[in-house]
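Shared between the two complexes below is subunit A, which pairs with subunit B and subunit C, respectively.
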Partner chain A sequence: MRKPTINRYSILSLLAPVFGFVTAMIILLIIVIAIGKNPGEAVAAILRMTTSSASRFGTVVSQAIPLYIAGIAVAFAFKGGVFNIGVEGQYFVGGLVGAIAGIYLKLPSIIHIPVVVLFAMAGGALWAAIPAYLKVKRGVHEVITTIMFNNIAIYLVNYLVNVPLSGFTGGESLEPQTKAIQSTALFGKLNGFFQALGWKIGNHVYLDYSLIVAIVMGFIVWFVLFKTRYGFDVRAVGTALDASHFAGIRIGRVQIGTFLMSGALAGLIGLQEIFAIRGYYTYEIAAGVGFDGIAIALIGRNNPIGVVFAALLFSFLKQAGYGLQLYVGIANSVSYVITGLMILIIVIANEVMTRYIRRLRRQEAG
Partner chain B sequence: MDIFLAFLLRGIQVSAPIAFASLGAVFSERGGVVNIGLEGTMIVTTFAVVWGSITFNSSLVGVIIAIIAGTLIAAIHAVATITYKVDQIVSGVAINILALGISRFLSQNIFGQETQTPFNSNVPPAPFGVNIYALLLIPIAIIAWFVLYKTVFGLRLRSVGENPESADTVGINVHMMRYAGVLISGAMCGLSAATLYPSQWVSGMTGGRGFIALAAMIFGRWHPIGAVLASMLFGYAETFRIMFETQIPIPGQFVQMFPYVLAVVVLAGIVGKARAPAADGLPYEKGED
Partner chain C sequence: MSLLEMKDITKVFPGVVANDHVSFDLQKGEVHALVGENGAGKTTLMKILYGLYGPDEGSISINDSVVQIANPRDAIRKGIGMVHQHFMLVPVFTVTENIVLGEENRYADYSTSSRAASPLRAIMKWLVLDTHGARDRIQELMDKNQLVVDPDAPVEELSVGLQQRVEILKILFRGAEILVFDEPTAVLTPQEVRDLFETFRELKAQGKGIIFISHKLDEVLDIADRITVVRRGKVIKTMPRKGATKAGIAELMVGKPVLLDVDNPPASPGDVVLQVEHVSLRDERGTSVLHDVSFEIHAGEIYGVAGVEGNGQSELVRAIADRVPLDDGNIRLAGQDVKALDVRQRREAGIAHIPEDRHRFGLLMPFSLADNMSLGRHHRPPFVNRFQMVQTREVHRFAREAIAEFDVRTPSEDVPALALSGGNQQKAIIAREMSGKPSLLLASQPTRGVDIGAQEFIYKQIIAAKKEGIAILLVSADLDEIMSLSDRVGVIYKGRIIKTFDIKDTSKEQVGFYMMGEEENAEADN
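Right, the complex of A and B next:
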């Protein structure tokens, strides 16, 4: 008797994201009509940009990689009751620490690549350490400290890239940047592998080693959270602080661990851009991914599998924006409008649905 | 002496955008709603003030439009968090993304450029070289203090943020008071925009001031005067950098990060004394459903 009801409830709770996406798309079409463009052409442009070929869809997957890592970084923190708004700063610092290992260490490729990944994680965790300490030991709310640390990170990496680590040669690019990362640390592409499997993606698409990193980290997060004693403690602290305390869980220690793990994951967000696309570090790497991660974690219900879909959805919307700009001449900023609205509609629909389910349960209980 | 006076006046100008947003945050959080969407709200109001001033050829109309725009954006946050009890941080994050899109999209479709507007010559008057709204900062801060601590409205707003159950029991409309707090925070972002740089909108010009305003509010212990003083600390630190950067023997980036480091140090130090309203961040649900 019990099982089917639970399934029915979980299907109901899946409705919110679907509803949010559909509503956001309808609003998009209304905006398109309002500025005097053809909605049919807009839909065609979105599909053309995202799904019309293996390469186009490959690009959606490629751009979902950093978003996915951001999503699981935030989700892990959420699970332990920690609100990590500092993912943004953690990946700027983590990426730089990883890049330093890539520039200055001399190692064979098979060791160098795992080393830069570990350095990036260490850098991200380092940047999360002080907010974690202040939260647990001094009771300073992490939302404020991590926001401050985001800003500190921006100026810190700006200084480091411009002064001590500068590799600026005055040649082809005016962009402030570090020296080039050694070839042994660069991320190769997996395109050949996918082509052999029959997925005809072009060589220009970036499906690089960061995809492996994302998959491995997703698995680790799932395993730690759901298959280990520590993960049980994390989830207990995240859902019932008082009960965990009485159950003898050392809350402070668990929360510091959660925070550091979240920061370590965040450190990996920039890998694709730094090690596969650019081959050097600059503070001009894509900003805002940390904040996207908050929404992605939420829409993916803080579940490593759910976050896959949420990250693909965000990537899809970004590409849809570029498609609208390229083929119909609509400013691609419309994708931010749609993304913001979609998040709001999903979270509101979630609340409405949760209340509805609670009422159903109460009725069933009699 | 001249340079000192220039520093004082410039500091008011630089502090005002942060201080107004921070005052707004005090009202929102005293009512129990965390508004991390202030940054996004400021992005929209800074666009609105320029658009309004150009379109209606009047700086006053521009400021009024900015206040209305800020209130509307805050209304989204209010509906989501108060009526639908959505997580307040998440709603704020969504508003920040949405606001970035709205301002750029409107700029593209109205002015043909996505990341900046044309120059606006209808700027507010500036006696002593200081934006007139910035000069109103101190009186407005005193009014805010008076409203919050000396009026029935203020008492009710604070009670709703401290203990919504009791407030409800004595007949205070919890949701309505919270709406008021959040909407005031949006309106205040209109004044922020009026003082930031009303002669042109450029994407990214708010530069995290909405977040700084939140820190200033906590730093100022959720008190209007405290929030304004904390904002002025940030503002004057920034002014010092702007005016004397070339004469300071340390790299500019460290001078720029100083206010943020200061905020962390101070927050770590004053804890225990700084206490958020008890029901800050928590949705209120009447009875059972």
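Right, the complex of A and C next:
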């Protein structure tokens, strides 16, 4: 008797994002019609760009990797009730610290790669540490400090890349950048492995070691949150501060830990771009991924498994936008509008569904 | 002619029939008590009357003509006034300002501008605050109803009883004929209750009708002319006071006989467990909230703290349960100074805590009952293994046992805490706190918002704890609860324990007298 009702609730709560997605797609088509394009062509363009070939779908997965890491970084913080808006800054700093380890340390590859991953995590955690300290010990709200620290981070890496760490050689690229990362630290691709499994992705698609990092981190986050005492404390503090306090949970410690963990994860967002794609660090690495992480965490309900789908959805929408632009001539800004609408609708649908389930449960309990 | 008649009112919320063909009427010059457990449908019925919900079926008539009540403003216009359980007053405003709020210029005459052209007068009426006429009207209402309050005192400086008078004046000022009181006595001392009932009699004499919602059956039997009992959305019975008994009403409310008298044997106190020594404490703004508080509690003894809410009870409990920076004094548990210990260390030293606000302080509402049952000990074996991994099976096994032992009514231990009724939530907290084998139990408002059945159970548990030799600090706004459970009573007033009684040497009236802070008068009387 017990199990089926639990499943019924899970199914109901999974329906919310599906409902949001479908609604947003309908709105997309209405917009397409409104600007005088053929909706059939639009759908075809979206499918062509995202799922028409193994490589196209591989690209969706590839672009989802940094989005996923950003999503779990934010989700972990949100689970613990810490509003880490500073994932963006932690990503910039973490990436740079990882790159420094990749440029200046001389190690064999099998050690060098884990070392740059750990340095990137340390860099992100370091950048989260000051807002964490200010929140817990001084009561300064983290939303303010982390936003400030985002700006500081951006100008700090700008300075570091331009002056002390500059590797600009006047060669083919005018982009300010560091020296090249040593080959022992570069991330190889897993494409051969997937091709051997029968997935015919092209060699230009980046399915690199950062995919492994993302999967491992996703598992760790899930395990910590749901299987350990510490994760219970994180969730408890994120749910009810006062009740946690009176249960003897040491709130300050839990919040500092949450913040550092979130920052450490954020430090990993740039791995793919820095170590697999570019091979050097520049402050021109993709901006805004940290902020995308907020929306992704929200849609994935701060759950490391939900965030997988949310990150894929985001990546899908990005590619769909390119498809509309390329094949139908619809401005990319339209697809940004759709993305925004979809987030809004899914969040609303989530909230409505959560309340509905709560009411059902209340009635069941009498 | 009925002043008010609510006929066959039905209100369905998805899956719940909150009111099922409820009929209720009120005559002029009558106090009609509405009693029932939490969730029985009293509040829904009153919200319908006040225009907050529309009924699905049924009709409301005032003075025999059918009316539609669209919203609270409409209800007020039709002569319905409500004194809410939580006062709706602006603390920094004066009594007069609070009474006229929203109706500021109702009695304005603008005599100074009487020669002005009428359009100007209309603008003035809209623009310029003139409470002179209102002041006269308020004075008249105060005199007529013996509701004396200083009209220029800021409301925040008034006692709870006086604030309630302001609420009553507010609705009378708006011309209420039907007065609804939602648990008005919950926050009052016995003396203030007597004054309130005096006002009720005065209002009755003027032909007004009063709906009195209460849990306290003694008071219902004292003041009501008729009593209506609701249970599960239905009217079970409407009866005259004559012939009604407390046990009879309780049985109608619950649906089965209820043991109202607490079987509480005298304490056989053991060693001293808790010593509070000269404790003084300030809040964040630097205001003194506890001043030189000292008392001891022995093993197997219930020490009750009586007082009007907001006199330092919450802070006192917090100072014992939590590490707060004391201005002065010591807190000892079994002789050991616990000042430096944080919540976790105090719990481990043997302090259990039933917090005053269970939703905020006691439970992780969206978490499962199972998680909530081990909360506070969840960091120790058997709930975690040595790698600090949660042992879900143990958590569930423990929860199932505790649910059975403490009679928590729930479909399973997987249900989130927020899905349970107040009484069952409170039972879960008590189960959790008692299973830690404490030496001291802090019970703060242990039966607030729980129904009679759960109340009976909670009293039994507290008394059982006492028999086991646990020292118990009981804080309650319900003086009856303090009187029937405590072995000794300390009266707290403005952060001081102004008097301590042995329960057998005192009476409810005497304790209530001190709760008003009238220590000096009492000294003079003795």
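The rule we apply is simple: the second predicted complex is superposed on the first by the 361 of 366 C-alpha atoms of A that agree within 3 Å, B and C clash if a C-alpha of one lies under 4 Å from a C-alpha of the other, contacts with A are read in each partner's own complex, and residues count from 1 in each chain.
The rule is short, and it goes like this: a contact is a pair of C-beta atoms (placed from the backbone, for glycine too) under 8 Å apart; a residue touches a chain by one contact, two chains touch by 3 or more.
Quick caveat: nothing in here was measured; it's all calculated off a predicted structure.
A.B. asks: Overlaying the two complexes on subunit A, which is it for subunit B and subunit C: clash or fit?
C.D. replies: fit
A.B. asks: Is A:159 in contact with subunit B, with subunit C, with both, or with neither (first, second, both, neither)?
C.D. replies: A:159: touches subunit B, not subunit C.
A.B. asks: Quick one: is A:250 in contact with subunit B, with subunit C, with both, or with neither? Answer first, second, both or neither.
C.D. replies: A:250 sits against subunit C, while subunit B stays out of touch.
A.B. asks: Could you tell me if A:359 is touching subunit B, subunit C, both of them or neither one (first, second, both, neither)?
C.D. replies: In the superposed model, A:359 contacts both subunit B and subunit C.
A.B. asks: Check whether subunit B or subunit C contacts more residues of subunit A in the superposed model.
C.D. replies: Looking at subunit A, the partner in contact with more of its residues is B.
A.B. asks: Taking the superposition as given, does A:242 touch the first partner, subunit B, the second, subunit C, both, or neither?
C.D. replies: In the superposition, A:242 contacts subunit C only.
A.B. asks: Contacts for A:229 in the overlay, against subunit B (first) and subunit C (second): which applies, first, second, both or neither?
C.D. replies: second
A.B. asks: Touching A:331 in the superposition: subunit B (first), subunit C (second), both, neither?
C.D. replies: In the superposed model, A:331 contacts subunit B only, not subunit C.
A.B. asks: Touching A:130, do we find subunit B (first), subunit C (second), both, or neither?
C.D. replies: first
A.B. asks: Which partner does A:143 reach: the first (subunit B), the second (subunit C), both, or neither?
C.D. replies: Only subunit B is touched by A:143; subunit C is not.
A.B. asks: Closest Cα approach between subunit B and subunit C after superposing, in Å?
C.D. replies: Superposed on chain A, the two chains' closest C-alpha atoms are separated by 5 Å.
A.B. asks: Quick check on the output: what are the common subunit A residues between the subunit B footprint and the subunit C footprint?
C.D. replies: Common to the two interfaces on subunit A: residues 358-359.
A.B. asks: Which of the residues in subunit B come into contact with subunit A in the complex?
C.D. replies: Per the touch definition, subunit B meets subunit A at residues 34, 36, 76, 80, 84-87, 89-91, 93-102, 104-105, 108-109, 114, 208, 211-212, 214-215, 218, 251, 253-254, 256-257, 260-261, 263-264, 267-268, 271-272, 276, 289.
A.B. asks: Within their complex, state which residues of subunit C touch subunit A.
C.D. replies: These residues of subunit C touch subunit A: 14-16, 321-322, 342-348, 353, 355, 360-367, 371, 375-376, 378-379, 383-384, 388-390, 409-412, 414-416, 418-421.
A.B. asks: Sort out for me which residues of subunit A touch subunit C in the complex.
C.D. replies: 2, 6, 227-233, 235-236, 239-240, 242-250, 358-366
A.B. asks: Could you pull out which subunit A residues touch subunit B in their complex?
C.D. replies: 35, 83, 85, 130, 134, 138-141, 143-145, 147-152, 155-156, 158-159, 162-163, 291-292, 294-295, 298, 331, 333-341, 343-344, 347-348, 350-352, 355, 358-359
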